[in-house]
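Next, two complexes with subunit A in common: one pairs it with subunit B, the other with subunit C.
So, the complex of A and B:
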């Protein structure tokens, strides 16, 4: 028989057979969306969620969860229920963006015409 | 730290796509074939949702239970630097569980339900954590060789089709590269140390070799079920392919330290390029995963204690107007 190395089992004498009441609704709280800014001057970027009872606790968990590596300048949290989003099945509403070439600086090519004009003018 | 989803071969439920809308199914499959990710709000076949929930949930449980065998060594870590590193590693594992539970939640299973399924023994987790880490060298072997296995699996899965799971895995893989280096450092320290230290690490390796060989799951049987999960990029590599990749990466590094593996048949067949080995005891694997391992009972008991003792605090701080909504991403 294996003797446990876990102090909760071998010293606190935890009863390993004892069952508990199941977790009820909201036992793990509601969720907050977390936005992380790496450095001052950069955008905040969505990195995931935390479960928390309120915004202050959400910030505390967000710090533990999303700023354990690298640099962090700032964190935002907001309740997930506050997010309003477009529907993926309506993705086609964005489809015409790439057709609107008049918004693209690269399509405005004038050098050829300036050159042709100068040649017509005999330099 | 996680090997592979354990799919009960006897589970006959939900193995087909019968009854799914053929037009929607075709669109869904075309999207995956084109290398696009599926997001939580997209239509998806019931089987896809079910398998992903099972897989991500098992992965999350593995992280949280995986923190226990190593966690017992925090108070006994040899030296302050190792204690700090081990605390950081254990915190990472628990953080990984949080990320994974969140990804699974986007598929519609509340976190409370997942935890209830864990503590009643309904859900599985990686079988290796049902074994004890009886010496410091065991914790070193776990940190190096179990985490290495987890990285093989997680890197493969991070190329899968479900957006939230991939995002969680990218962060997890990034963090686990430290675990691997830390574990290797500890093993090398022992393996290049005194005769007693070498003996300690050799014995730990011998103890852990069978659980490591179990880590990626039983040999694959070709089945329609596996085929459809591969096509949908839920399962990214077969159990045997992952095991081969792992052996290829780590057996030479183990032998390089002059350590021995307790399998006289272990060798790479230069003609086939495949590793040959003695099959580990798969009956023991089944027995342990179904509850009868050396630590199953205490692992779940410790989780139940944590849930039970923290409950009054969570109740006290829960806001009156709290309302749950499924997270977006």
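So, the complex of A and C:
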């Protein structure tokens, strides 16, 4: 018998010699993807997963796992099986060549023009 | 505090002690599941609610301190079983998860209504606490109800287990509503409408929820509430719980944590 400093462990009378069989596939709950909204009107942002037997219980767990720090207005959950994803094999489709930086708003130097505009408005 | 007289203070103390002791003891009991929950997410949720309960009790012990009782830590950790006012329902060992869930359901539904009734109490300090914890307790009842419905309508084994636990817990739960010596004072002062009103409201709330969960409330002819907890008569399970809960505190009661 396992002796622990924690009286709860001793009460549970855990048999450490016993072999634990891994769970079969259907013994595991499915996972739900959790989306968290900070304030009304803002986007829901993906924050992680929870295991649960159904969506209602997934919401219960999502609340405890993902909304205990900071503010929360709303949570979504949806079964992970509903997600269709790209293949990592195809990751190269996201690559952008250097010649196309003109598409990136950061390359435009406009602050001086914005400042000039604001000054005109100020007058 | 706008109490009119000494009788109101005594009545308020009696009410606060039983509420706070219920929360502290059920909070401690439920925390015994930490690390042993049926799945990780549930372990976290149940432990978090247990912590909420202990936090609520600390707040109520704070009110008692304002009324002249000792510091919250002293009140929580230095009394023996006969000085506790919790009902028997919260003292019992955690048993199997079905029992802990049914207890969580029956107790938290009563607590939710009690806090709702107290939200408009003339005792402003208590009314503020009741309003502050509204959302926290709402989650506790959502959690309890979702589980009870899930297992009550699950399969034959889960339904049988829940039904047996409900049968075992019912008279214990009725013990929550043990009438106190100050019911009339509390009502007349507008502090609290009383245990009898609370019990009626509780029955109205849990009856349809248990029906939806395919669980039967024991026949009314068998109802025999477990009274005594409010006046310090407890089951054999409370003192060992207190010994364990206060083990570290007792090593050095003056330690600064």
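Note that the second predicted complex is superposed on the first by the 67 of 123 C-alpha atoms of A that agree within 3 Å, B and C clash if a C-alpha of one lies under 4 Å from a C-alpha of the other, contacts with A are read in each partner's own complex, and residues count from 1 in each chain.
In this section, a contact is a pair of C-beta atoms (placed from the backbone, for glycine too) under 8 Å apart; a residue touches a chain by one contact, two chains touch by 3 or more.
Fair warning: this is a prediction, and the values are worked out from it, not measured in the lab.
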**Q.** Contacts of A:119 with subunit B and subunit C, given as first, second, both or neither
**A.** neither
Q: Based on the superposed arrangement, let me know which partner A:4 touches: subunit B (first), subunit C (second), both, or neither?
A: first
Q.
Touch test for A:15: subunit B only (first), subunit C only (second), both, or neither?
A. first
Q: Check whether A:104 is in contact with subunit B, with subunit C, with both or with neither, and answer first, second, both or neither.
A: neither
Q: Please indicate which partner A:92 is in contact with in the superposed arrangement: first for subunit B, second for subunit C, both, or neither.
A: neither
Q. Of the partners subunit B and subunit C, which touch A:46 in the superposed model: first, second, both, neither?
A. first
Q) Touching A:83, do we find subunit B (first), subunit C (second), both, or neither? A) first
Q: May I ask you to decide whether A:56 touches subunit B, subunit C, both, or neither, giving the answer as first, second, both or neither?
A: second
Q. More subunit A residues touched by subunit B or by subunit C?
A. B
(Q) I'd like to check the shared interface: which positions of subunit A are touched by both subunit B and subunit C across the two complexes? (A) 7-8, 29, 50-51, 53-54, 57, 64-65, 68
Q) Where on subunit A is subunit B touching in the complex? A) 2, 4-9, 14-31, 33, 46, 48-51, 53-54, 57, 64-65, 68-69, 80-81, 83, 85, 87-89
**Q.** Of all residues in subunit A, those that touch subunit C in their complex
**A.** 7-8, 12, 29, 50-54, 56-57, 60-61, 63-65, 68
Q | Sites on subunit B touched by subunit A in the complex | A | 39, 41-43, 68, 72, 75, 88, 91-92, 95, 98-99, 102, 105, 110-112, 115-116, 119-120, 132-134, 167-168, 171, 174-175, 294-295, 297-298, 300-302, 304-305, 307-308, 311, 314, 317-319, 322-329
Q | Residues of subunit C touching subunit A in the complex | A | 32, 35-36, 39-42, 44-45, 48, 139, 142-143, 146-147, 150, 244
